[in-house]
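Each in structure tokens, the structures are laid out below.
What follows is a pair of complexes built around chain A, which joins chain B in one and chain C in the other.
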Partner chain A sequence: MMNLDEIFVTRNWVGKPVRRDEDIRLIKGEGAYVDDLDMDCAHVAFLRSVYAHARITKIDTSKAEALKGVIAVVSGPEVAKQTKPIVARAITQPAIQYVMADKKVRYVGEPLVAVAAEDRYIAEDALELIDVEYEPLPVVVEIEDALKNDSPLIFEEAGSNVLLHDKLEHGNMDAAYQEADLVVKEHFRVHRYSSTPLENWAMIAKHEKGNDSFVVWANDQQPGRSTTNVCNTLGIPNNRFRLIVPDSGGGFGIKLAIWPYIVILCLLAKKVDKPVKWVQTRREHLLGGSHAPDCDVEIELPMKKDGKILGLFIKDIENDGSFVHTAGIYGLIKFATMVGCYDIRATRAELISVVTQKGPTVQNRGVGKPTMIFVLERMMDIAAKKLGLDPVEIRFRNFVQPKQMPYTTPSGEIYESGNYPECLQKALSLSGYNELKKQQMEMRKKGKYIGLGISAGIEPGTSNLGYYYTSRGVPEYMGNAEGAIVSIDYDGNVNVVMGSVDQGQGHATTITQVIADMLDIHPERVSVDSHLDSLVSPFLGHSGAYSNKFNDVDLGAVIMATKKVRDKMVRIASHMLGEETGELQLKNGAVCSSKDEQKSVSFQEIASLAYKKILLLPDGVEPGLKEIAYYKNSMAKRPSRDDFNVQITHSNSVHVVAVEVDMETGEVTFLKYVIVHDCGRQLNPGIVEGMTIGSTVHGIGAALLEEFVYDENGQPLSASFMDYMKPVAGGLPRIELAHMESPCPYTLLGSKAVGEGGAIGSVAAVANAVEDALSPFHVKVVSLPITPQKVVRAVKETKEI
Partner chain B sequence: MIPSKFEYFAPASLSEAVSLLSSYQEEAKPLAGGQSLISLLKLRLASLNYLVDLAGIAELNYIREESAGPSGTISIGALTTYAQIKESELLQSKCPLLPQTASVVGDVQVRNRGTLGGSLAHADPAGDMPAAILALKAELKVAGPKGERWIQADDFFLGMMETALSPDEILSEIRVPVLPDHKTIYRKAARRPSDFAMVGIALCLKAGDDQTCEEISIGVTGVTDKPYRAEETEKRLQGKKLEPKIIEEAASAIVQGVDVMENMHASSDFRSHLARVYVSRAIAAACIRS
Partner chain C sequence: MHRVQARINGKDYEHEVDARLLLVHYIREKARLTGTHVGCDTGNCGACTVFYNGKPVKSCMMLAVQANRAEITTVEGLAGNGLHPVQEAFLNRFAVQCGYCTPGMLLSAVSLLESNAEPSEAEIREAIEGNLCMCTGYQQIVDAIKYAAEMIKGSAGKAL
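And now, the complex of A and B:
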């Protein structure tokens, strides 16, 4: 963290709950999302596989092509001939998959044929005229099916359905087992769920026939990587591909890998004389948009009788469905912070990614961390029960202590700051935990079952992309960084262009606050363009909105670029005022002498020299007032299997939940929900609050409602919002939120991750509360979601959910 | 929404609508509030050649008392929305079961658009309003090419989204009795407040001062392919004192004779269990209120 006085000349805006600047425009319907872009387009519809696993013996598109209004058709085999296979990020086994199915289909919803027509209705009608002959193959749906010796192979070239199998050990696990008084073991199943942004995927591709290049408008969340992937897959140079990201309606990770569809659109655009547009329907999104993988986790805690945990073993098997690009990444991210908030000195992890016939998986809010904290925080309760300890006490006995900060985990992750015991203490007192416990006992006598759940979670941010080295050799991307361009215009106003993109996080407002305090100008004089244009935006391979990196490297780039502009203005002002730069200060949109504020030149006057009267500039100063900066967080370690960090900042929180469970109907009702959250210095507490609560609600949905269910044939049963159950306002608790601020020493402003956090702690907290409520019936919660049916069945049979 | 192609009609009167339906028969469908049919068209799960939009038929939107007094009735136009039913002071005071049921249908948007007639004619096996209509023993007025006819609620629901309406008929009015001496209640098990019922129980109960069940009717939804009257449960309670044991024994018959549905949210066992719990609780709650 830098001395804030070196960064800011005023402290009027940063840290205040400044109202989001972006909202009015979007709420009034004045946003410009992809579908709003006013272009004369052909419209695209996809024919998708109706089988989970089948060989394609025939695709006849002739009738569709003959339909009036159909402009162009591409089918999987044709696409495969023109493209390279999908690049894999983490898996180590060969698995060849193209952006469209070519020889066989591997999941229901996999694209087979794309049709461009005069309008979407015709395109959809044309799909009904396409004749596809399938030869159905045996289907692999669940993890145990995929692991059978005689399991049908989904990728024959892999020789198995296991595409990644890695083992990592740090610290002395053998010693941990030897010294342990007992080993607490459990086996958990976490289901498949996802975020479902309001705006589904959307894109327009235009082929410039003159120079054989492409312009694409897409709500892409990770333009840095997408640009590379699209160009490599199409086999075109980077300078033939321009990506523009307009407004985007929600991301949560789900728009990080939309690039395979951009490839398809580009191939279609080549055949059409106007841009081609595809706007994904909700059904398409739920079928084959992207999910978080379901997984199977075995966990062991060798521990002492006093509750001290000596080591942690996990065997994590991830059901990654059929999308080789992102398969395998969840396990590694779970692994990175597997010790959670606890001082555990030895870890062993076995990470397995299996391919099945479920839909694609991609990064979803928290990427594995909600699962890891669910598993770990459930284990803390289970271990406490085993040892006759209070769940609060066992956590206090194992927390990393504030004096240990910065704390390095056995594998090399660095927890930079935080006070975990105090965070729990605060949450207990805010929730009236002891009072709730008393109530619980009294209510039980009346036949009412209240449960209390605690969860202490680590919420990492800023991915060090180099961690894929752990399984794949030297990675293509390492570290993390972002770019920003900051300029002062003719009027002395500030304009910002980012390498990153925004899906509704309020980046522009926060950037405005930071610049207003850096330059002492009113936020109204700062404009941030949240859109991206790969031709002009300062993007890197890391560019995008993911892993809560905004508060760190994105703002780092803004600060560095603003400093450059500021220094240049001061240098010009020094020349204009005849004062040494050291004698000058920024004040209210001007640079003035610290001794005599009357001696002052406004930003506008300085800009006038920089842009127009350039002959009056001091020697050696370039015209213009536009600066670019790239900022990297230097805490990212270089790849090594022995010592590496996956994330660079680490927020933390404690959730305390009280629920009542109706034993007859299985319904769970919230009585209390308290969060104490520490994301370092809060830059905009209003935005932090909104993100934390929204994210928490996602976790509550994951714990109780949301699930992608497949039948034994691999047919998805939750392909609409009637069956894929997002939480609705009714039935949700009022969330009470309190904060601690442990500034991060390794980000410029002391800020840390926010956005994923609530989704990480909430799943475990809700599950712990439900199990506590069910404790008179000795029911154990080891799978999700906790549905009324499972609760009633478990109570009846006194067993596991 | 990207449905297949259809021709759209917006008749201004009921007779015009009926004549369109009788010209096109099975190829046409009437559209009321669009809360079910539009979804089916959007997903191309239903396709039709002619859509007859009833929204412009003002004569089908009303709530009025037909005759006052203990044997009075209230008539509700088929295009009356859930929101209008929920807000109706007349219904709140004289037929509270309908506003209570309407208030838990879907969410605010659904209630603002969806109609009572649409819900009944669509006959979703998990719709809320059909249960209430059955419990109230409502009468349904139907307009067809040969004029109008009345159908008893008990005779209206035939199967999965299947009713006694023929393709050229339109449900035009729902007539419910005013039952000042009855307690009514609708209880619904749903994963989320806005969901279709996993089980929905509508109850109409007249109990004597000594808690003897003088008259009872129970409409059940969400359990099988159609909403139904729980006749066996009613029979076991009729004339009996409403004591826990008797209620429990009667509740155990709630799914008697029906083929209980199964889906990802509830197995048939669990659904049967919920139906028993919910009907017991509904009766107990009605007793407390009497």
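And now, the complex of A and C:
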């Protein structure tokens, strides 16, 4: 953390719930999402595989091409000839997959043919006229199917359906087992779900015939990586591809890897004399618009009788479906979150990624952290029960203590700040935990089953992108950074262009708050263009919105660029006023003498020299007032299997939940929901509150409602919001939120991640509460989601959810 | 092809349309009012909510031809040059994140307050059950609607 006095000249805006600058357009219906852009486009529809696994023996598009209104068609085999295979980030086995199905299809919904027509209705009509012949192949749906010795191979060249198998050990696990009084073991199964942004994927591609280049408008969440992936896949130089990201209707990770479709649109655009537009339908989104993988986790805790955990072993098998680009990522992020908030000195992890015939997976909100904390926090309750300890007590006995900060985990993750015991204490008192316990006993006598659940979760942020080197040698990306351009215009107002993008997080507002306090101006004088344009925005391979990096490196870049502009203005003012720079200060949009505030020049007057009267500038000062800065968090370690950090900041939270479970219907009703959250210094509490509550509701949906279900043939059974249940306003608890602020020493403002935390802590807390409610029936929760059917069955028969 | 004459936000529109054209596509593509959004294919998400002769409907569940001689209000027509109190409340209570559900959410909220000036939290939650929001977890939206009800009541008091 920098000395804030070096950054800010006022403290009027940062930390206050400043109203969101973005909202005025959005509430008037003046948002500019991709589908709103006023362009004369051809409209694209995709023919998708109806089989989970089949060889393609024929694709005949001639009738479709002959339909009136159809402009162009591309099919999988044609695309494969013109492109390189999809690049893999984490897996180690060779697996060749193109952006469209080539010789065979690997999941229901895989794109086979793309049609561009005068309107979407005609494009959809044309799909009906395409003749595809399939030769169905045996399917691999679940993890067990993929691991069988005689399992059909999805990628023959891989020789197996296991595409990544890695083992990592840190600290002395053998000693932990030897010293243990007991080993608590469990086996969990976590389902597939997704945070499903309300706006589906959308993109427009235009081919500039004159210089054979492309302009693409897309709601891409990670433009830095997408730009290079699209160019490499198409085999074109980067300067022939321009990506523009307008407003985006939610992301949550689900729009991080839309680039394979950008490749397809570019190839279609080459055949069409106007831009081509594809807006994904919800059905397409739920089929193949990417999910969090389902997984199977075995876990062991060698422990002492007093509840002290000596070591932690996990074997994680993730079902990554059929998308080689992101397969294998979740395991490594679970690994980074493995010890949670606890002082555990030895870890052993076996990480496996299998390919199956389920849909593609991508980084959904929290990326494995919600699962890891679910597993770990379930284990704390299970171990407590085994040892006759209170679930609260076992957590207190294992927490990393504030005096241990900064605390390094066995594998090298650095927890830089936080007070975990106080966070739990605060959540207990805010929720009236002891009182709730008394009520629980009384209600039970009346035949009502109330359960209390606690989770203490860690929320790592700012990804050190080299993390997947663990399996692949030297990684292509390392560390994390972002870029910003800050300029003062003729009027002395500030304009900002970012390398990152926004999907509703209120980045622009937060940036205006920071700059207003750096320059002593009203935030209204700062305008932030949150639309990325790869031609002008200062982007890096890291650019995008993921792992809650905004508060860290994005704002770091803004602060550094603003400092450069500020220093330059002071230098010019010093020349204009004839005062030493050290004698000057910023005040109300002007630079003035510290001794005599009457001696003052406004930003506008300074800008007038910088832009117009350039002959009056001091010697050696360039004209203009526009500065660019890239900022990297220097705490990211270089690749090494022995000592590495996957994420750079670490927020934490405690969730306390009270539920009532109806034994007849299996329905779970919320009675109380309390969160105490520590994301370091809060920059805008109104935004932090919304992010935390929204994220928590994602976790509640995942715990109780949502699941991508497949039948034994790999057919998805949840391809609309009628089958894939999202939380609605009714039935949700009123969430009470309180904060702790342990500033992060390694970010400029002392801020830390917010956004994933709710989704991380809630899944475990809800599951623990349900199990507690069902404790008279000796039911154990080892899988998700906790649906009413599973509850009723568990109480009557299986004793397990 | 069928002729559709519709009045949207007080302005008259007239187009020849296919019988199968959805009302939401008519509003977005023919009338070029893009504040009304599409978030699903099945009438579940409510992003396409508009007023149809004064009543909230999901415009992806209706055909454009059904709008013939109908009066339609979209988010763009919710207030004249200023802001509707519900819009003002959404601004004040951080009820917007990505903004994609917002237009539909606003229309459902306005419709609720027109029939129930002092809704309870449970009534507000029920009234917006047909509108999915993936960002906020609804709480700040619920708070905004409650605040809007208070603002409307307060200004009515002053007028008396």
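A few comments on the model shown:
Throughout what follows, the second predicted complex is superposed on the first by the 800 of 801 C-alpha atoms of A that agree within 3 Å, B and C clash if a C-alpha of one lies under 4 Å from a C-alpha of the other, contacts with A are read in each partner's own complex, and residues count from 1 in each chain.
The rule is short, and it goes like this: a residue touches a chain if its C-beta (ideal position, glycine included) is under 8 Å from a C-beta of that chain, and two chains touch if they have at least 3 such contacts.
Only a predicted model underlies this, so the values are computations on that prediction, with no experimental measurement involved.
Legend: residue contacts after superposition of the two complexes on their common chain; A:L705 is shown touching chain B, with no touch to chain C. Once the two complexes are laid over each other on the shared chain, residue contacts for A:E664 go to chain B alone; chain C is not touched. In the superposed model, A:Q789 lies in contact with chain B only, and not with chain C.
Looking at the shared chain after the overlay, A:D131 reaches neither chain B nor chain C. Judged by the touch definition given at the top, the superposed model places A:E156 against neither chain B nor chain C. In the superposition on chain A, contact is made by A:E689 with chain C only, not with chain B.
By the touch criterion stated above, A:S718 is placed in contact with chain B alone, chain C being left untouched.
Residue contacts after overlaying the shared chain place A:Q505 against chain C, while chain B stays out of touching range. By the touch criterion defined above, A:D181 reaches neither chain B nor chain C. A count of residues in chain A touched by chain B and by chain C gives the higher number to C.
Chain A residues 121, 281, 283, 720, 722, 727-728, 730-731 lie at the interface with chain B in one structure and with chain C in the other.
Remark: chain A residues 45, 120-121, 124-125, 281, 283, 664-665, 667, 705, 709, 717-718, 720, 722-723, 725, 727-728, 730-731, 787-789, 792-793 touch chain B in the complex. Interface of chain B with chain A (complex): residues 2-5, 43-44, 107, 189, 191-196, 198, 264-267, 270, 273-274, 277-278.
By the touch rule above, chain C contacts chain A in their complex via residues 18, 20-21, 28, 32-42, 44-45, 47, 74-76, 83, 87, 90-92, 94, 96-103, 106, 121-122, 124-126, 128-142.
Against chain C, the residues of chain A that register as touching in their complex are 17, 19-20, 22-31, 33, 35-36, 38, 121, 195-200, 247-252, 279, 281-283, 503-506, 686-687, 689-691, 693-698, 720-722, 726-732, 734-735, 758.
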